[in-house]
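First subunit A sits with subunit B, and in the next complex the same chain sits with subunit C.
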Partner chain A sequence: MTIDPGTPLGAVLALLPEVILTGWALVVLLLVAWRHKSAGDSRLVGNISLIGFALALAATGWMASQGVAAEGLPQMIALDGFRFASDALLLTIAAGVTILSLRWLERQGILAPEYYVLIMLATVGMMLLAGAVDLITLFLGLEVMSISVYVLAGYDRTRRASAEAALKYFLIGAFASGFLLYGIALIYGATGQFNMTLIGAQLAATEPTLMARAGVALMLIGFAFKVAAVPFHAWAPDVYEGAPTPVTAFMASGVKAAAFLALARLLAEAFPGYVELWRPVLFGLAVATMLIGNLVALAQQSMKRMLAYSAIGHAGYLFLALWAHSDAGTAAVLVYLLAYSVTTVAAFGILASIERAGARTVLISDLEGLYAVRPFAALGMTICMLSLLGFPGTFGFISKWYLLSAPLGVGEVWLPIIAMVASGISIGYYLPVILAMTLKPTRTRQAHQTIRFPRPAKFAVALCVIAILVLGIWPRPVLDFASHEAVRLRQVATPILTR
Partner chain B sequence: MQAFLASIGYEHWILHVLLALPMAALPLVLLLPVRFARWIALTVALTEMILGLGLWWAFDASNPALQFVTDVPWLEQFGIGYRVGVDGLSVMMVLLSVVMMPLVVWGSWKGIDTKQRGFYALLLALKTGMLGVFLALDMFLFYMFWELLLIPMYFTIGIWGSSNRLYAATKFVIYTFVGSLLMLVAILWMVKIVGDATGTYSFAYTHLLANSQALAPYGSWLFVAFALAFAVKVPIFPFHTWLPDAHTEAPTAGSVDLAVILLKMGTYGFLRFAIPFFPAFALSDAVGLTMATLAVVGIIYAALVAMVQPDLKRLVAYSSVSHLGFVILGIWGSTVESVQGAIMVMISHGISTGALFFIIGMLYERRHTRKIADYGGLARVAPLMATAFVITAFSSIGLPGLNGFVGEFLVLIGSFGRYPILVVCATTAVVFSAAYLLWATQRVFFNRFTNPKNEGIGDLSGREIAVLAPLIAAMIWIGLYPGPILRRTEASARQYVEMVESYLPPAEPIIANRTGGQP
Partner chain C sequence: MDVVQIVFWCFAGWAILSALLCVTRANPISSALWLVSTMFSLAGIFILLHAEFIAAIQVLVYAGAVMVLFLFVIMLLNLEETPRDWNRWMFWLAGAGLSILLAAQLVALRGYSPQRLANEFSSMPSPDPGLVFPEGAVARQAVEARGVVGALAEPLFQGYLIPFEITSILLLAAVIGAVVLSKKRL
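After this line comes the complex of A and B, so read on.
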């Protein structure tokens, strides 16, 4: 089905999931206006917001099944399999995070249901960011996402760490946005275009200019800040540790996923002509991010900090897929992000159940003997750690294999080797978690008695863990979808440009 | 027998059943009440053994090719399939695994008294992983099984091991995991190179092997990546340091499985993958000499270190390093005799070291110590155990007439043509191994009975006899009449040697010299 986004109806159709989610967020906001006192209110709002995600997901599915496409060149927002896949991924992450938050917020004494509205709005921003084919849309999406997440990071108002996290994230984020905006301006100056495809055609047709090069570089820096790539990563551990745990899960999976999806599209559609320029940059970022992220993670005591550095390391792996600049690479971005997000949401979900209101952050040593008291939580966490490690039998392994194949497919062997070395380092901090949970005895008789695993969160985590295992053995549907349906980036816009 | 097996379509289902049965029984072990756990494990193990023994007859010894091959698409878009099969090399390993399985379960019958469900579940998972490694003919599948094994082994050591178990388990996993990481890159790269050359991107072993000349330009790097994984697993000196810890701290079942199967996976990997894929590099003078030298250094060094171990289990662990050195030497000897000898050492090391670990486990269950100094004169109170230990020790030393001799002898004469000096050095290890094992036997079972705590040790029970008797019978049988085993491995060994021969620098065939000679 082809639509013309120029007409009002076409525009609504093109933005259907975003429109539905925004509308639902506004309705929920109205509801919050008079239901914001009790724990019941908070739960109600959370459940209603889940319906919004379901509706938006259904709309995405409908668009994908109808094969909605734009007449001519897509303007502002992409209409292709990659965007639908991105939307589905981001909506699933957001729904998962919402489920994790359902009782957690009340237990932590955070009674402000606007939280769920912010998650919905952040998701709208992510979807716009990941689906943008226009630099203005891209920036709009980025800001909607970022501003919502700044607030979410500081949502636990009574805790200093949370406020600190919000402020740090805001300052660094604003800085990054500045870079990005400056980059966009320079690109516009060099090409006179905002549309990625047109920029791509223009840049490919002309000699590289300093202005365009500077624009590409600044945009890359902006994104590197957003995905916490070394050396732009210093904010991440503090922010991840300070933010409320479900929000950390949201940042580690959703924000990172959206930024990577957008970067994948940007590099494939707008800057293919400058591949010689950005490939070495990505190479350096990948190597530094993989090695430093994983090395520093070795030294962490706190689970959240450890997972933060692990998230940095995984961002490094993802650069491999972008570096490849091939269909296999684009598919690998999707598959890897799915595997990583599912695992991250499950791991943080289990971590959230262990936390207590007002207590200090959970250390790895606090998990000692978890298996004896809460076998399923320990088992779930073990599977998550193995999946993050990329151990065979888990989806993490399949996605890592798929990811490594991308640069190998274009003849690059050093990046996969370094990635495997980094992965070898990472066993040094994933294994101690497993060791502490399963092999060490509990410290005290009372240990782990305070764990409260609300039913919705339990359900979501169990689903994620089962998905990790099932997709670890039978990943074909996902791989087929990613490599067939979702990778049609890099269209050539030359016929349109020559008018 | 063959007619019967053919009539039930044995060759079509046996490998899948062997792989699937332990996994299918795993939920039963976990869900049923704990008292059933070991019975289920034993039933599964016995079934696997009975079914698996059919391979002995169904396997066509004259056919060097892969047999019972199955190829089911799994991720066919990427050339990955469920591909399994056996040849003369792997069939012996599979037989060894299935025969050991009930013994391992039975050997742990009394020793494991906590968390039995978990233990037997892990034992079953371990079994699937081991068989999978030997049966897989798809590099992707092979890598999955290869890595998956670590998890059951990690928990087996970590939960049921002795005092220093956490350190040992962690060391084991980190060594082997890190060692095999680069193998994954190497596998993917191989598929890409061969795919570029032939147009077919496939992880199938036979496809890669048939087109291995395309890999020749990158042979050195790829071989190093593979060899690292296998060398850690074997373990070849100097990658062996995880082994004494893991062996010593593991419960009896873990030690036996490690010794009998896991170590053989490394040498099997060399024979099956690392050398056939990259023969030009693997068999070049420099690499061959390096590997053979490392093997011989390992043989002698480990034997010397074993001599001074105060801990009985550690002593046997070092003896493993020493024995596995013979396998590596035999593999690089690259004659039919030496390769067959290497396979033979793999089998007989499994039998005799397995038996040694069983006996040490029985001692440990009684006295909760592995210190040699705590024992002495046990032959008086446990004569049967002493007899079993002495026979096993002789077999491990390589006394003619027992199994250990056959393999080591074949390795030594087979490799002499290529590495005469090294073989002479390796021969001295036979003396050292006699020294450490006989000395240990003397201090544990003979000498004066000094420690009154040993009074109540008691002799072997019926169950323990049932565990050891088949092993001792196998030692004597293989020692006196190794023909049936050698016959089954010969065709594959010959094919392997013919395949690699053209890459070998011409060796001086000593026997030919003597007979043909110069006029």
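After this line comes the complex of A and C, so read on.
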């Protein structure tokens, strides 16, 4: 089905999931206006916002099944399988985070149901960011996402750490947006275009200019801040630790995924002519991020900080797929993000259930003897750690193998070797978590008695863990789908570039 | 040097001078007032570029509404006058480094005359007339075709309708966030 996004109906159809989710967020906001007192209200609002995610997911599925495509060149927003896949991924992450928040917020005494509205608006921003084919849409999507997540990071207003996280994230985020915006302005100055495909055509047809090079470099810096790549990562551990745990899950999975999906599209469609310029930059970022992220994680005592540095390390692996600049690489971005996000949401879900209101953050030593008291929670955490590590039998292994084969496919050996070394280092902090849970005895008799695993969260975490195991054994459909859709991403750009 | 150029240099000098005064004043209210002055001089430059409507909007919205809001906030916050520490060599070093960088950029762009830009763009695969901009030619063409307001409204509400709508979502998210974070009891 082809539509013309220039007409009003076409524009609504092209943005159907985003329109539905925004509309639903407004309805929920109206509801919040008079139902915002009790814990029951908060739960009600959370459940209703889940319907919004389901509707948007259904719309995405419908668009993908109909094969909705744009007449001519897509304007503002992409209409291809890559966008539908990213939308589905981001909506699933957001729904998972909402489920994790359902009872957790009430238990922590955070009774402001606008939380769920902000999650929905942040998701709209992520979907626009990941699907944008126009630099203006890309920037606005990024800002919608960022503003909502700044507020969510500071949502626990009684804790100083939460406020500190929000302020740090806001200042660094504004700084990063400045870089990105300056880069966009220079790219527009060099090409006169905002559309990624047209930018790609202009840049491929002309000699590299200083202005365009500076634009590419500044945009890369902006994205490096957003995905917390070394040396632009200093904000991440403090922000991840201070933010409410479900929000940390959202930042580590959703925000990172949206930024990487947008970067994958940008590099494939707009800057293929400058591959010689950005490849060394990505190489350096990948090596520094993998090594430093994983090495510093070794020294962490707090689970949240450890997972924050592990998230930095995973961003480094993802740069490998982008570096490859091939269809296999783009497919690997999708697969790896799926594996990483599912695992992250599950790990933070278990962590959230262990936390107590007003208590200090959970240390690795606090998990000692968890297996004896709560075997299923310990088992889930073990599977998450193994998947993050890339242990055979989990989806993490398949996705990491798929990711490493992308640079190997274009004849690069050193990046995969360094990634293997970094994975080896990561054993040093994933394994102690497992060992603490299974081998060490509980410290006191009362240990782990305060764990409250609400039913919805239990359900979501169990689903994630089962998905990790099932996809670890039977990944064919996901891999086929990803490689099929990634090819289409480049097909849009090539006809114009070769003209 | 014709009259337009003389007027441009007057406005440009005024803009830079008031921007400098804006960042060097110790009192936030005088800073804000110098910002108003910068906005006025920028409006003058917009008029030179045949963008009269944007000039009017600049004065109405930025110099008027936004600055009044700024002044309200400053007065409500009741800021003390804090003596600035000018001896911090770090600030001076960072400032000097940034100035040198920007100056280098200016020097690098010095060779770009409007004619050279026009030549470069006409050799590109799709020479868009909107890319060739000797002294407000694009704006003049658009104004002749669609009128002063239409030249702004048509791209805003047709070509860039989707980003325009996304901006409203952005503002909504910001408003919700501001209320949630600042209100003690919800």
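In this text, the second predicted complex is superposed on the first by the 488 of 499 C-alpha atoms of A that agree within 3 Å, B and C clash if a C-alpha of one lies under 4 Å from a C-alpha of the other, contacts with A are read in each partner's own complex, and residues count from 1 in each chain.
Keep this in mind: a residue touches a chain if its C-beta (ideal position, glycine included) is under 8 Å from a C-beta of that chain, and two chains touch if they have at least 3 such contacts.
Being a predicted model, the structure only gives us computed values, none of them experimental.
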Fit or clash between subunit C and subunit B when superposed on subunit A: fit
May I ask for the angle at the C-alpha centre of subunit A between those of subunit B and subunit C, rounded to a multiple of 10 degrees? 150
May I ask you to decide whether A:N47 touches subunit B, subunit C, both, or neither, giving the answer as first, second, both or neither? neither
Contacts of A:W401 with subunit B and subunit C, given as first, second, both or neither: first
After superposition on the shared chain, which partner residues are touched by A:T361: those of subunit B (first), subunit C (second), both, or neither? neither
Between subunit C and subunit B, which one touches more residues of subunit A when both complexes sit on the common chain A? C
Tell me which partner A:G409 touches in the superposition: subunit B (first), subunit C (second), both or neither. first
Min C-alpha distance subunit B to subunit C after superposition on A, in Å, is 37
Where on subunit A does subunit B make contact in their complex? 386, 391-393, 397, 401, 404-405, 408-409, 411, 413, 416-417, 420-421, 423-424, 427-428, 431, 435, 438-440, 475-476, 479-480, 483
For subunit B, which residues are in contact with subunit A within the complex? 74-75, 77-78, 140, 143-148, 151, 155, 158-159, 165-166, 169-170, 173-174, 177-178, 181-182, 184-185, 188-189, 192
Hey, which residues of subunit A end up touching subunit C in the complex? 5, 11, 15, 22, 29, 36, 75-77, 111-112, 114, 117-118, 121-122, 124-125, 128, 134, 136-137, 140-141, 143-144, 147-148, 150-151, 154-155, 157, 166, 192, 198, 201-202, 205-206, 210, 499
Where on subunit C is subunit A touching in the complex? 108, 120-121, 123-126, 128, 130-131, 160-163, 166-167, 169-170, 172-174, 176-177, 179-181, 186
